[in-house]
Amino acid sequence: MKLRMGMIGGGPGAFIGAIHRTAAQMDGEIELVAGAFSSDPSKSKLMGEELGLKGERVYGSYKEMIEKENALPENERIHFVSIVTPNHLHFEPAKLALENGFDVVLDKPMTFDLKEAKELKTIVEKSGKYFCLTHTYSGYPMIKEARQQVKNGKLGKVRKVFVTYPQGWLNDFIEGSDQKQASWRTDPSKSGIAGCMGDIGTHAFNLAEYITGLEVEKLCADINIVVEGRKLDDDGAAFLKFNNGASGLLVASQVLAGEENNLTLKIYGEKGGLEWKHADPNTLLLKWPDKPAEILRAGTGYLSSFATHNSRTPSGHPEGFIEAFANHYRNFALCVKKRMENKKPKEEWLDFPGVDAGVRGMLFIEKIIESGKSNEKWISLKS
Amino acid sequence: MKLRMGMIGGGPGAFIGAIHRTAAQMDGEIELVAGAFSSDPSKSKLMGEELGLKGERVYGSYKEMIEKENALPENERIHFVSIVTPNHLHFEPAKLALENGFDVVLDKPMTFDLKEAKELKTIVEKSGKYFCLTHTYSGYPMIKEARQQVKNGKLGKVRKVFVTYPQGWLNDFIEGSDQKQASWRTDPSKSGIAGCMGDIGTHAFNLAEYITGLEVEKLCADINIVVEGRKLDDDGAAFLKFNNGASGLLVASQVLAGEENNLTLKIYGEKGGLEWKHADPNTLLLKWPDKPAEILRAGTGYLSSFATHNSRTPSGHPEGFIEAFANHYRNFALCVKKRMENKKPKEEWLDFPGVDAGVRGMLFIEKIIESGKSNEKWISLKS
Amino acid sequence: MKLRMGMIGGGPGAFIGAIHRTAAQMDGEIELVAGAFSSDPSKSKLMGEELGLKGERVYGSYKEMIEKENALPENERIHFVSIVTPNHLHFEPAKLALENGFDVVLDKPMTFDLKEAKELKTIVEKSGKYFCLTHTYSGYPMIKEARQQVKNGKLGKVRKVFVTYPQGWLNDFIEGSDQKQASWRTDPSKSGIAGCMGDIGTHAFNLAEYITGLEVEKLCADINIVVEGRKLDDDGAAFLKFNNGASGLLVASQVLAGEENNLTLKIYGEKGGLEWKHADPNTLLLKWPDKPAEILRAGTGYLSSFATHNSRTPSGHPEGFIEAFANHYRNFALCVKKRMENKKPKEEWLDFPGVDAGVRGMLFIEKIIESGKSNEKWISLKS
Amino acid sequence: MKLRMGMIGGGPGAFIGAIHRTAAQMDGEIELVAGAFSSDPSKSKLMGEELGLKGERVYGSYKEMIEKENALPENERIHFVSIVTPNHLHFEPAKLALENGFDVVLDKPMTFDLKEAKELKTIVEKSGKYFCLTHTYSGYPMIKEARQQVKNGKLGKVRKVFVTYPQGWLNDFIEGSDQKQASWRTDPSKSGIAGCMGDIGTHAFNLAEYITGLEVEKLCADINIVVEGRKLDDDGAAFLKFNNGASGLLVASQVLAGEENNLTLKIYGEKGGLEWKHADPNTLLLKWPDKPAEILRAGTGYLSSFATHNSRTPSGHPEGFIEAFANHYRNFALCVKKRMENKKPKEEWLDFPGVDAGVRGMLFIEKIIESGKSNEKWISLKS
């Protein structure tokens, strides 16, 4: 049986909505059956038609969708919603969906601000529903492998974490153009207090904590608006201090001319180091002080169950961004289905980003922007 | 509307069947609704259940499927079949499907032998149906770009073609084991006269001709059975001579310990060269004698329409093997749908491997195996 | 004619002394004829014998060498001294040599502290002699090319500078061992106030300013002692602000397990970016927002005169660390010889690090260590 | 003490002569003191002056040099000659030098034809002198490591050998230009029966046999003249059969537009594979069927004594082409000096290419050119 998905957002021209739909459906666990694709009902309808949905399952607003789906018989109505709207439209639909008994997949960053994030955490916990925040990169098998390598002590105590996220697409002032992505992501009323740091800095932060299993305790940031006329940060960096004493460095920029999307991680412990690059996502490099570095590859037989569970092809048959995205959807779906059978999900399935990661991300945004404006050197992330 | 697909083959444990299903459905153009997944009806049924198909659309044999689907009303019955059986079971189901008015997607190599291939060509042409042979690699956007670069004369007259396909998975004698792939691919009664050359050599050959737009006129091969006890070739190489005077080299081996699946192409003309590696499929390298080499990347704005049409994500968001596979299905589906509207497909959609490529592939198999056994140096591919 | 060199330091077991000797002599412009290789006269003598020097030209102290060489007839005595001692023994011999009319090559960092550096600047300027500070990396042809690309406006106004210098050799506490390098470099009485930042941070800083032609105006640093028991910093990072408004990031660490010496530069301007890695020093990558990245290679015909002048081999014949080192010696020697002819050196020859770069480096050390200890966020580099 | 070298050839404009001089002298074991740099005495004189040699040690012909040096007192006269002339001028000076008691370093290929090669072998053996043939690539530390890995059985029985030598510098017809290299290397009266195969094919062949410790028993070649008007082969490939049953593939071409000099080796055994590329010469990749590939790096502590002996710098400080060249000179010099002390050289020192490798190379040239013209498939290398 396929889980029935209702989508909120993802109307015509939205890049990430199309990715969500493909990712959700690619493994045959999920089917898109309903949608409120735009706040403009005619656009929503258009999108529904393009996607071949039945007319009556295409709604003019998310409220309408949740209400009407709720009224459908259980064997017809959607199992969960996927919310792919801009940041200022995350909290309300997520809240409504959870309170009406739907599991939720939500695009990152979790909410418009930290206050909403904490509230959503309470709502999720109260609801008992599954909640998945689509931090894509932790869906890659070699990122899962990286986490297991650290967890199993292969690197020894973590000492140093570098996470760098370079992009170049906001190198020019394109806000005024018809670039839909650029427009809302640089608009404080839709994006929140952060631009670059909210959009991609949160991915970097999430990976740093996910892979190491550590928490950032304080940070010191240099936050910049490089392109004249822009309203939100488009470039920045932060020193990090982790709760085990390790230090780190986070870089995120969207004005690095010629860069694509080559998120890069380097983590070092007392015994060894690891390296992963999004430009070559099926490879994990392990480095040792006194023996040859090793090249671990997705789809091989020597990886952890967490990596293996998230691969579809044998080694040498590259999987990419859509598959990483799909892994979160698939794991989320497997958990939801297992609950229907009143059974426990596997540990490997539960390994998708949830509401706690979301709160951490919003805390990160608040504190890194605060640090960028502060003359104080270190800003604490403890509440 | 989604095209309705019926699958032949792809039962439990078949690697490539699952890839076909995911690839076919990932873009929302195609839906799997029927299948004859195994010659064992109980296994077919099991697979159908696992895939959530309706019981009555799961068949015990391909003959039953084609007959019964044909009897269904037009708005229910499948539009096309996808055949993913071992080589000796390609021709008959393809023939039956075409003769019953179904378009066909068929896994490579096209048939068991050259005779069947030529016959199938006649049948396809007579049928007026679309026929797609899934040579995966020509589905990659940067392979399409490579073809356009050559076609547009960027390299000048082609002088030299290197195509190398290294694998290592048959490094040991695993035929006796439960490795289903190994068993039929090394069995002459199922695979035909060639092992490695049929399985991966044909991919290499197809790419060489597809990208250059040239035809191989003669070859000289060194064909080996490296692993003791194996019945078919597991390693080989051939010098090639093309119809424009260019020479080339084709290497295919499945016994190279530690190799995954890094199909590599290097093509040189009078003015420049190009290089593509499956390990990094979203990159195409152009090399020039007197200026810096250039790194072309999938998803960018400077590529040909053929590359762009076959990308789903912006540059820096890697697509992989499944997406390349999906591109053939998507293009095939777009053509079939256009025919339903009595309209002409775009040139970019028609750019999938067809029955002519299939005949060339079977001719290649026959001649390279002949050359491997011959004391004559050059074997002609002209008939 | 070969210039005659006298070496100060570089006794038995010194890594960098041997590199200096090979580099100095490799192009046939310079000949080692004298030395005070150790403060222990017997060790100095031993080294001189091993190197095949005449006994009377091997001295027990640098003072003796300078005095006695000065007494030799002009056509016998050394032309210049090369000083390769630990940091605390840089200033005095350099001063004495300059004041006695010898040109000077000096290993980096320039002096023990900033005060000495400023004094040495006065002495050099007064002397009218050539002074070369061996910041190796600016000797690489592709680093010279990078500088020219920026200078010629290819990248547009510089916006962002990343310079990262990762090493792993101090990953463990090896100070107590017989690792001569580790012992003095981690000893404040020999190295000065900085460990890692003095040893390799200064290289990174020098490159950032050399390539961009900009000056760092302020910085904010996170400086760490990672390995327990160590007396000086072994890890750190700093945000940089340049005098054109660009921001930057400098990372230097010697405790990154498994890292070798892969100094990496990434510089971005309004129009494009460049990237260079010491692991592949003959390549310079240029990145553009709207066209393919370009791979510039040493030894090709399309490079600037600054790169070409510093290559010995055609492209594809890699040159390395020793050749980069040798370039500084060769350029220094060409300038000295030209002065003997009362002629002006070429601009390409003058392009080696001098006393100003040395003062900048010592200022950097003082300020980055100050910042590491400060609660103030930004520390100015203006005096 | 430094060995005194006399050079034959290497006059103005000769690329390889300058490399030989730098390589010979870089480690302080050898000093150039005499030369017959050109068959034109005035050019020879000019070169000698440029190099700062004493006028009386610069000769108008190699015969004069050998005669007059022989007449000098033993503590003045040269110890050995280095011959860097075109191929047709290898045999006679080598013979004369050996017969007059001088050790010999000779550029490759060894002679003009196989007959000369066999004769030279007799002369060398009779002379009891050291003879070094400068096949540069076997001087690289990681090539030495590769040989040891095979020798120590790490890969198991060798099954497959790929050696590929791509260049692009003869992509156009430049024979008529003032490109001195192109002129003699494409002229049968100076180069012999082979162009590309003699110039670079012999390097590839030498490496294949050196690393595997095997001998090629037969081959089948495709030899081409790609550029119109050229007199000798500029492109080719050969299947190889080794004396242990392994098969192989050798590719050498000088018309691959945009290629530099990226000689590449891939060798596979029953248990694993190895890969080396000249573009990254300090890395050796080991590949395994069931565990991660390993990256071995020059200058590390885990390498064989053969690799370690041939490194000058710690890992991460790249050495290149000149150092590889220098390793042969240094090892040759160490052996010669040891003989002066009537002692045995170390096994690591003796590991430079000698007269047997030279005869194999000339046999290879003869047979591959024969095969290129033959309709027979396989040509034996057994005599």
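Order of writing sets the labels: A, B, C and D. Residues in every chain begin at 1.
Everything below uses one rule, namely that a residue touches a chain if its C-beta (ideal position, glycine included) is under 8 Å from a C-beta of that chain, and two chains touch if they have at least 3 such contacts.
All values reported here derive from a predicted model rather than from experimental measurement.
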item: Farthest-lying chain, centroid of Cα atoms versus that of chain A; value: D
item: Of A-D and B-D, pair with higher C-beta contact tally; value: B-D
item: Rounded Å distance between chain A and chain D, as computed from the means of their C-alpha atoms; value: 55
item: Separation of chain A from chain B, taking each centre as the mean of its C-alpha atoms, in whole Å; value: 35
item: Separation of chain B from chain D, taking each centre as the mean of its C-alpha atoms, in whole Å; value: 44
item: Touching two or more other chains - residues of chain B; value: 259, 286, 293, 297
item: In the complex with chain C, residue positions of chain D that touch it; value: 1-2, 15, 18-19, 21-22, 25-28, 51-52, 167, 169, 259-262, 278-281, 297, 299, 312-323
item: Of chain D, residues touching chain A in the complex; value: 286, 290-297, 300-302
item: Complex interface listing, chain B residues touching chain D; value: 155, 159-160, 162, 168, 171-172, 220, 222, 224, 226, 235, 237, 239, 247, 249, 251, 253, 255-259, 266, 268-273, 286-289, 293, 374-378
